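Read from first to last, the chains carry the letters A, B, C and D; within each, the first residue is number 1.
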């Protein structure tokens, strides 16, 4: 399912003294089945943009084509369920959304809302509990007995269980330790490979370099760049000017002043290759 | 102006408005209220916004009063409803009283920060210490509530959005369905509160909080000459009302 | 210690009550505000006394923040204290039972919403008691039944959480 | 136990701690000396017990009863009588920026610790102004917490601590919920304050790169026990241990190992970024 934004603007509390532009004339198109990352510093409009994907926010002007639906300022609040089944968002610190008696019930909450039968919902809940790397035994525990990292996984399983075509995640690994973080990223990559679109809001440029097919860079509510990672980080002065970080590998490469790089190495493996080929010359 | 003075004045106003009982005294209190509104130098819209949500209720109440009050000259009568001269005056008085009370409370709230109002409330509660009312604890609870309203507002919307993404529907469906929809919102808020209470009380102790004894205050309230003017204003109003009301 | 944590939690629950009372559902005639859920939480978690204290504070703070629609008037503060007090008597450290929900809600409706509030409105604005009552009765005849259903689900949810903690 | 003045501002000896309702101790036999004016990283994965250590240092938690156990902070043994003294000396910045903000505004929050200590009003005002200036939040003095970013709230938390003029600052995963810019600016601020006032910093973290960059000493905690302690570079060279406890390999070691695997010979003593850059440049000249 492709996503298309046409001249989308969003204004917070219009007409009040607190009026603020959340999105400013945003245009882009994302291809099916891609791994997209959205970057930009805090308050740049990333979260506002993301909440437009399933009409939690509706544009103040412009239109959005997503999952076979067109969202305009006039779109009614009713009948958005179908859209949200196809496009779902995992917010930052999603463990804050858990509420059911048991882990399984909590994961099954979304599927049930989207029309799965009680039994089918529990089946997919069990299936996804394991897919996110948790012991099936905790299924009958209360979600509030789990550790923070486990709760996070349960929350994410609760969204992935109904398999939205487009899965949006806001910093899903924030605050996790490195090992848990890596497992989580692998989970999303596999999900994308299985034929879904994954949209990741992140500050981690190493993740951008390693996983993204497509990068959206936001600043002051504007989309200031939309490109593949290679091109995003190609111009170091541009990156600096917009207060973005570089991937660790490319930062290291910057110190190797007398090396000639064919292209800016964004991952550690690329960096090793480039160093090797330089030394061979 | 000191928030304590303003708060006392607002409470006092509600009491003296009852002194008005004829057209002249009502005119005086209207004039004084409008002067107070004018003194804030704020746009009329601010005050209109204060009255607007209640305008329906004010009209409705006045109308009921109109039709259910008898006495004086009767103009019209049907079943249990009457329209009399007494009823009309009464309804108009209630309309004025209602509107003025809202106007004066609005003057108070738009010119004073919530934090200051809370400080003033705490000050007013202080005498209750004589009756062993734990005013310090009440003050602590007040300040924490005040601190967390904006934060929890954001949190509430975040949770609602997260559950909406999971297909929860807060706005449609029958009674039972809606009553059930409270849980996905309330439980996370509650769990979050328990955690916050643990974290915050730990942080407070780590920062040396050991009860209210021996504490000093960063925020101090100071009486100024404007509070004196305020007082004078209300004394004059009260005297005028006492003179011109029907005895 | 324990005491401080309790007071902090009380402050936070008061904040939740203030927020909930900004939400409502249903058609204009029988709009059900969600503030009563806050009163139920206060009574259930802190008992009649501290629940009442919390209720009073919620009235003070919400008038400090939003301005009070009835002016700063002690009567409405007492109203805000009375509801958690009654709920506290029925729910604090008690099992969740249907009869408790029904009886407490009816008591709150009669004592707090009908008797006290009617009295305040008539005192504050000089409205006839009869008029104030007529104005209130239709709503109070419908809303409590809705509240009972909501309270049932709220207590169910809260009691589950408490067992786990 | 007689306490002697020493170079160590904090000493923990034979400390055990068991949470109520738990059978297994969360910490067992912790022995730890922290040098005055040093930066120590306590590192370990979530649930390893690292946060428990900080809560013991200023008496928020009490260690299990044990004859040999003692905790000394700035030459004072921790006890019921000294705990408030010790809290004057040790400031903690906690993980969740929202859950440690007490005041309704920035200035009120900074003043909270001063109010608790009964500081006189004028003095309090001066200290609040100064502390806000030090953390660069002066223009936000009247702002409410809900209008601040996580990084700004943590700055306010630091200001609240600086106003008390502590000797030790503990960062209890204080940057875990921040974005990279927020994280970097907080660490830069703490580093600056540490150097200016000769503070001792203890940073609880799972960011190995942060330890390498800033810490003089690292303490690796796993399953409630101290696994290793020492110079960060030396400790992290033990790759097997790092992997076993679920920490990330520092970038510099990962790169070095991958280069060696790719057939580029890197001598063993190359253990910092700077050395690696110099060496690689040499190779290429």
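Note that contacts are C-beta pairs under 8 Å (C-beta built on N, C-alpha and C of every residue); 3 or more make two chains touch, one makes a residue touch a chain.
No experiment lies behind these values; they were computed from the predicted model shown.
Under the touch definition stated at the top, chain A and chain D share these contacting partners: B. Across the assembly, the chain pair joined by the most C-beta contact pairs is B-C.
Chain B and chain C have CA centres that are 17 Å apart. Per-chain Cα centroids separate chain A from chain C by 41 Å.
Mean C-alpha positions place chain A and chain B at a centre distance of 44 Å. Among all residues of chain C, those that touch two or more other chains are 157, 160-161, 165. In chain A, the positions touching at least two other chains are 99, 144. The touch graph of these protein chains has some other shape, matching none of line, ring, star or complete.
Checking each pair of chains for touch leaves A-B, A-C, A-D, B-C, B-D. Residues of chain B touching chain A in their complex: 155, 158-159, 161-169, 171-172, 183-184, 186-188, 191-192. Put simply, chain A touches chain D in their complex at residues 41-43, 147-149, 174-180, 203-204, 243, 245, 248-249, 252, 255-259, 268-269, 271-273, 275-276, 278-279. Those residues of chain A whose C-beta lies close enough to touch chain C in the complex are 99, 101, 142, 144-145. If you check the complex, the residues on chain D that touch chain B are 55, 58, 60, 84, 87-88, 91-92, 94, 96, 98-105, 107-108, 111-121, 124-125, 128, 144-146, 160-161, 164. Chain contact summary for the complex, chain C toward chain B: residues 1, 4-5, 7-16, 18-19, 25, 34, 37, 41, 53-54, 57-58, 60-61, 63-73, 121, 124-128, 130-132, 134-135, 146, 149-150, 152-154, 156-158, 160-161, 165.
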